[in-house]
Amino acid sequence: MSHFLRRQGWVASLFALFVMLFIITRLIQPAYGSGDFGSLVRAVLPYAFAVAAQTVVVIAGGIDLSVAAMMALTSVTAASMMNGASEEYALFVVPFVLAMGLVLGAVNGLLIVVTRVPDIVVTLATLFVLQGAALLVLDAPGGAAAEWLKALISGTVPIPGLPDGIDAWIPKALLLLIICICIIWIPLRRSKLGLSIYAIGSSELAAFRSGVPVARTRIIAYALSGLFAAFGGLALTMSTGIGAPIPGPYLLASVAAVVLGGVALGGGKGGLLGPIVAVFVLRLVRTDLTLLAIDPNVTAIIEGAIMVAVVMFGAFITMRGRQ
Amino acid sequence: MTSTPLLDASGVAKNYGAVAALRNASLSVLPGEVHALMGANGAGKSTLVKILTGAVPASAGRILIRGEARDVRSPAAARRAGLLPVYQEPSLIPDLDVLSNLRLTGTPVEPFRAWVRELGIPDLDIRDTARDIPLAVLRVLDLARALAVEPDVLLLDEMTAALPANLAEKVLEVVRRQGDSGRAVIFISHRFVEISALCDRATVLRDGETVGVVDIVPGVEEKIVELMLGARIVKTHVAARGANQAAATAASRPRLGVRNLRFGTKLNDVSFDLADGEVAGVVALEGQGQDELFAALAGSIRPSAGAIEVDGQPVKFTHPIDAIRAGLAYVPGDRAEALAMQRSVRENIALPFSAALRNWGPINMRRERAKVVSAIERLRIDTRAQGEVQRLSGGNQQKVTIARWIAADARTILCFDPTRGIDVGTKQEIYKLLRELAGNGKSVLFYTSELEEVQRVCDRVIVIFGGRVVDIFPVEEADEPALMRAAYGLPRGAKADIGILADPHSSSPETSDSPGTTP
Amino acid sequence: MSTTAIQSVPLGRRLKRFMADRPLIPLIILLVILVVILQILRPGIVNERWIANTIKFAIPLAILAGCQTMTMLTGGIDLSVGTVATMSAFIMATQVVNQDPAVAFLLAMMPAVLIGLVNGIGVGVFRVHPLIMTLGTSLIGTGCLQVYQRTVIASGAKIPDFLAWLGTGLTYGVPNALLLFVPLAALIVFTLSRTGFGRLLYAVGDNEHATRLSGVRYWQVISALYVISSVLAGITGLLYIGLIKAPSLSLAEPLVLPSVAAAVIGGTSIFGGRGGYTGTIIGALILTVLTTLLTILQMPEGARRILFGLIVLFVTAAYLRIVEER
Amino acid sequence: AGKYTIGISNTVQGNGWREEMVCAMKAQALASGEVAKLNIAHRNTDAAGQLEDIRNLISAKVDAIVVNPADPAGIKAGLEEATKAGIVVVAVDQAVTEPSAYIISNNQEQYAYLGAKWLFQQMGGKGEVFYMRGAAGASADSDRDKGFKKALAEFPDVKVAQEVFTGWQQDQAKQQILSFLSTGTPINGIWTSGIDNVIVDALVESQAPLVPIVGADNAGFVGQLSSVKGLVGAAVTNPGSIGGAGVTLALQILDGKKPAQQTVLVEPQLWENATEEGKAKLKAAADPSLSPEWPVSISIPDWTTYTKDQIVACKGPGE
């Protein structure tokens, strides 16, 4: 029990924060209902994938500055491939784009391993490369998305055995997020590969001496990051119906959410749940600021202050805990 | 015995840039043998182990395993070949719990648990994160993890250096049984007691070269030391202080007074005095509160009750700088804690000079250089790789941690196991140094996990058990059995069988480098 | 221990070791190679005027990269430099309309000091990760600037003549900005190598615990560091506004990522404990020349960015190869 | 006094033009007297982020949403949901593909065409032009590119000497022009996508010949057109006050006065300093008291009713 609390305490408090914010939201806007929650989840979707992409590499002791650019590239690729194509063609596009993310991510990892240049520089360089590639694919926002893809994240699905009242609170987008992440993350976390990812993040030397193939594990971590980023790119295309070659604000947001979610930037610690709950919190804060009609220039100040305050609070708690 | 060697390495060389860590090392280990690998600090023992287990690629050399040439390229490959190391630094993944660490290396859990119990740690929770486990226990876990897969050759790099006596004993027992069961162990240690109690043969390295292989027979220590040190044969007589000194120290006001110190559940009521010109030894088993005592004196933790007095004045430390200002300098046992590994020897030694806000300005390079050089010379630090401390051998790193406070001219030095992993020659130097410091009026509080050191260096012995001072007695009464009994919390004078170190047969050859301190 | 024998080492090896000991040399060689490529692509471009321009634009980048170098030495990073520079530039340009230049200067430097202090306390006392801390303060700073901006819409803006002279002026073909930069750079280099504070930056980044045991108060070092970094960023802002002469709310933001890149290309480790400022200066020059090179090339914007990324990667990798031992 | 709540969504922050747009929205909402509250989402984000903002505004139950779209097609779903929720949607500055939305927009293609055509005429129909675009991949930039190319097609002897993307960043633009100047390549004209005053500065500082320059009606550039000796140039209007017009349109629709068509285009004007008539226009337009990044055309006849003081105060209802 104490192990669980120590490990999950931060996530639990984040979740409590989310619930509290949700109650506040209902107080501000009593009509805030399941449809609005659905909107929230759709807004969360690309951020959640971006942060998942970032989390994997951060746990492995790295950082990936190319997350947002990777999302842009996969998004424009998907959108331009689906432009004018049939609905069925999209069935091919989705796996293609995901594979592309996986491969490009692996290339990131490979470059880090082979050149031995620090990850932050390699991914900064690939940030430019991927951005450039996105511009070559589409030099202005455009393309299209298959209708079924767009439908995949809007509305809810009737889940047998659940009353409609509850079902309404489980939007398709949330299901999609949970499924995509669970399929990849849960088996991984329990596998030896998952342990190896934590191990190289925690101590590369100790991992190597424990027989972990460090280079291969690092490449796989970046490949997974690319895969999640490709999911994020698809999520962008699904929600907007187009692809935009200029990366959105997902890079810094992903790093912020990783830290808010209790994943140490040094690597080796944390999980995926925390950062994703953090994304929900950050998006809900945004909603509340809009609902309250706060001066938009002040919202930047508030968002920054919240970020700093939460992390400071966390640091303060750990400091107290240590004494 | 004419069986093929389990492991046969010859002509092994390794260059780190301009530094040749190994030139021409060879090592041959027979089945059923506990084989000692000996050498002064920086001789290349750890490097050889790393090469044999694939952690570091060799620049040259040939390695045969069971007579077959094998290219061991990674620790995983070595593991498959039946070679399991316990390196000088713990290699559990700090952020994973013990269980995950086992799964990562494919170690079966039940045998591991059995070994852990056998090695004297009955209450391990395998869900504990490695980072939260004390260093000594980590080392034992490292060993248990290696033992659990029943390796053909076990390579132990200074396994016992960081262990308190009770754990060290168990390790020795287990290692000896490994040898008896037909497997082989390569055992690195600077402690002759252990070598003679345990090993069959010894390979001696000097400056990266194998200079001899000897059978361990009573009296061979002299020869090994000669081989190890080459021309540099040191025969120092570190005498404890003379009787006149004793009188002087007793009379003067205590330099440091500790009064009823408490910290959580770890320290319950510790009181003692430390006089000017005195070296007081602290003896304790693992985890009896000695870490907390030193941390409190160093200003790293705040005691929950009790008082510390310096020169009769009560002091309160909120940060190590307060302790340093009061003249207390702390040398931690774990050198990784004390050194900026990527910086030079010089910068590491000069670090305390810049600590205070008013010393943030330009540095007087000439003055600094003079001080640093004199400290380096005084401790005979091997400066071949001085550009980065991490390239020094373990022993030389350890010396840098002490040199810092010599250069800063601290009045009281709190040494926590300073000779951990240091070769005999260097040990002698450090003993001499501590005595010299005491002779110059400095005070030294000296915790050691090697009981025999107490007799060499200390004037008085403070025994801690269960967070309390259970006994304080003069060094004259501190022979090893007495210390051992006291450390176990037994009243002085009681008799009890406490393991092989008490066995007169295995400890009797221990004469070569302990000249005449036992009464 | 015997001294290592001086063996006859092959020339290539010796050359490599020579360069490894002087990491600046390979960096300078890389810079020269870029300039030569530029000259081949556009014969005649490498003239006095071009050099002056390059230096003018490299200087603000180099100073900000100095902030990154120093913070990176301690294992940190300062992402708020862009915002701080923009703030001081914007405040200077708008305040100087109605205020005495000295007062305007003080007003302009105020937010810099403040943000630096907050960063320092957050990182040094509360142990917030520098990336998050400086990102947070940069968001807060941007917000404040937006609010401030509304109060001065009507007052217009003016670039003080002195700043314009410093930012754009030339004396005998030499940019005046060097008058500011050379002493500043010398000061940074001296601080890092020959002062107690500089020593502490390296040591803290290498092993914080060890510095604590040696009596160093972490929060003092970190607070001072981030204040210094912010003040440097503020000064950069003033210089930059003199160069660009158009105050905007995102003036220096585009310099943030390149400043990190310049420091890393220059050989400073992002993990702390390793690096220096001279390398960073060359790093900034390399990036500036690279930008010109890509502007000159006639190719689609996408291809240009790809090339930029690849060259940055290649330069860093080549540099590491050369400097690394073994 | 007002009764409506209007939501505003904008995705570029910290750029003079957009700031003016937001201030115009606020000022117009205040001046109209019909608006009780403005609910502004104003930050740097992409189409997906704008969708989030629009949906938040729907949750906030605003009566109308005035939006400067991050992308014409990318926010279609959100706008559709808004219309379904009974919210009036007005897009300003750029068109949107959602058919139920009303559009009041500056004609970006025309903006580029007008300026480029004038420039090519000034160059005598031949020579080399330095083409300084906006941000690669932005939809306003690609619209302008269409207009520029259209004009270019009409002047076969005009060649593009160099094409660069300024990213609408002044420092980048300045570095690009200075690098270009030092190559010594002769040019006969410069077309900029609104990053203009730094270009004039660069020419003056480096004592390069002042070739004709086309820019936008930013206060700084308009001032330069009258003050810099020997500078021939033209400012094409691209009023940020279009935001105010958007608010007016939304209010008209809320009041039941629907416009004849869904789309209202505000045509750009060109103010040049080559003729006396143009100079007079420039003089009338110039406003040195404005922040140099602000467009000087702070109002749009028939569409905005606020005063200059009101827009400069940048205060909305209830502030």
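We just call them A, B, C and D in the order they show up, numbering each chain from 1.
Going forward, contacts are C-beta pairs under 8 Å (C-beta built on N, C-alpha and C of every residue); 3 or more make two chains touch, one makes a residue touch a chain.
All of these numbers come straight from a predicted model, not from anything done at the bench.
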Moving step by step between touching chains, how few steps can get you from chain B to chain C? 1
Would you mind checking which chain's C-alpha centre is most distant from the centre of chain B? D
Based only on mean CA positions, could you tell me how far chain A sits from chain D in angstrom? 34
Which whole number of Å gives the spacing of the CA centres of chain B and chain D? 72
For chain A and chain B, let me know how many angstrom lie between their CA-based centres, rounded off. 46
If a residue has to touch 2 or more other chains to count, which residues of chain B qualify? none
Of all residues in chain C, which are in touch with two or more distinct other chains? 142, 146, 150, 301-302
Counting only residues that touch at least 2 other chains, which ones in chain A make the list? 134-135, 139, 245, 295, 297, 299-300
Touching chain combinations (by label order): A-B, A-C, A-D, B-C, C-D
Under the definition above, what is the set of chain A residues touching chain D in their complex? 29, 31-32, 36, 39, 42-43, 46, 134-135, 138-142, 150, 154, 235-236, 239-242, 244-249, 283, 286-287, 290-291, 293, 295-297, 299-300
In their shared complex, at which residues does chain D touch chain A? 13, 22, 37-49, 51-53, 55-61, 70-77, 135-139, 141-142, 319
How about chain B: which of its residues touch chain C in the complex? 16-20, 42, 207, 298, 300, 319-321, 324-325, 330, 332, 336-343, 347-348, 350-357, 359-363, 365, 382, 384, 404
If you look only at chain B, which of its residues touch chain A in the complex? 55, 74-76, 79, 85, 87, 89-97, 100-101, 103-106, 127
If we count contacts the way the header does, which residues on chain A are in touch with chain B in the complex? 3, 192, 195-196, 198-199, 201-203, 205-213, 268-269
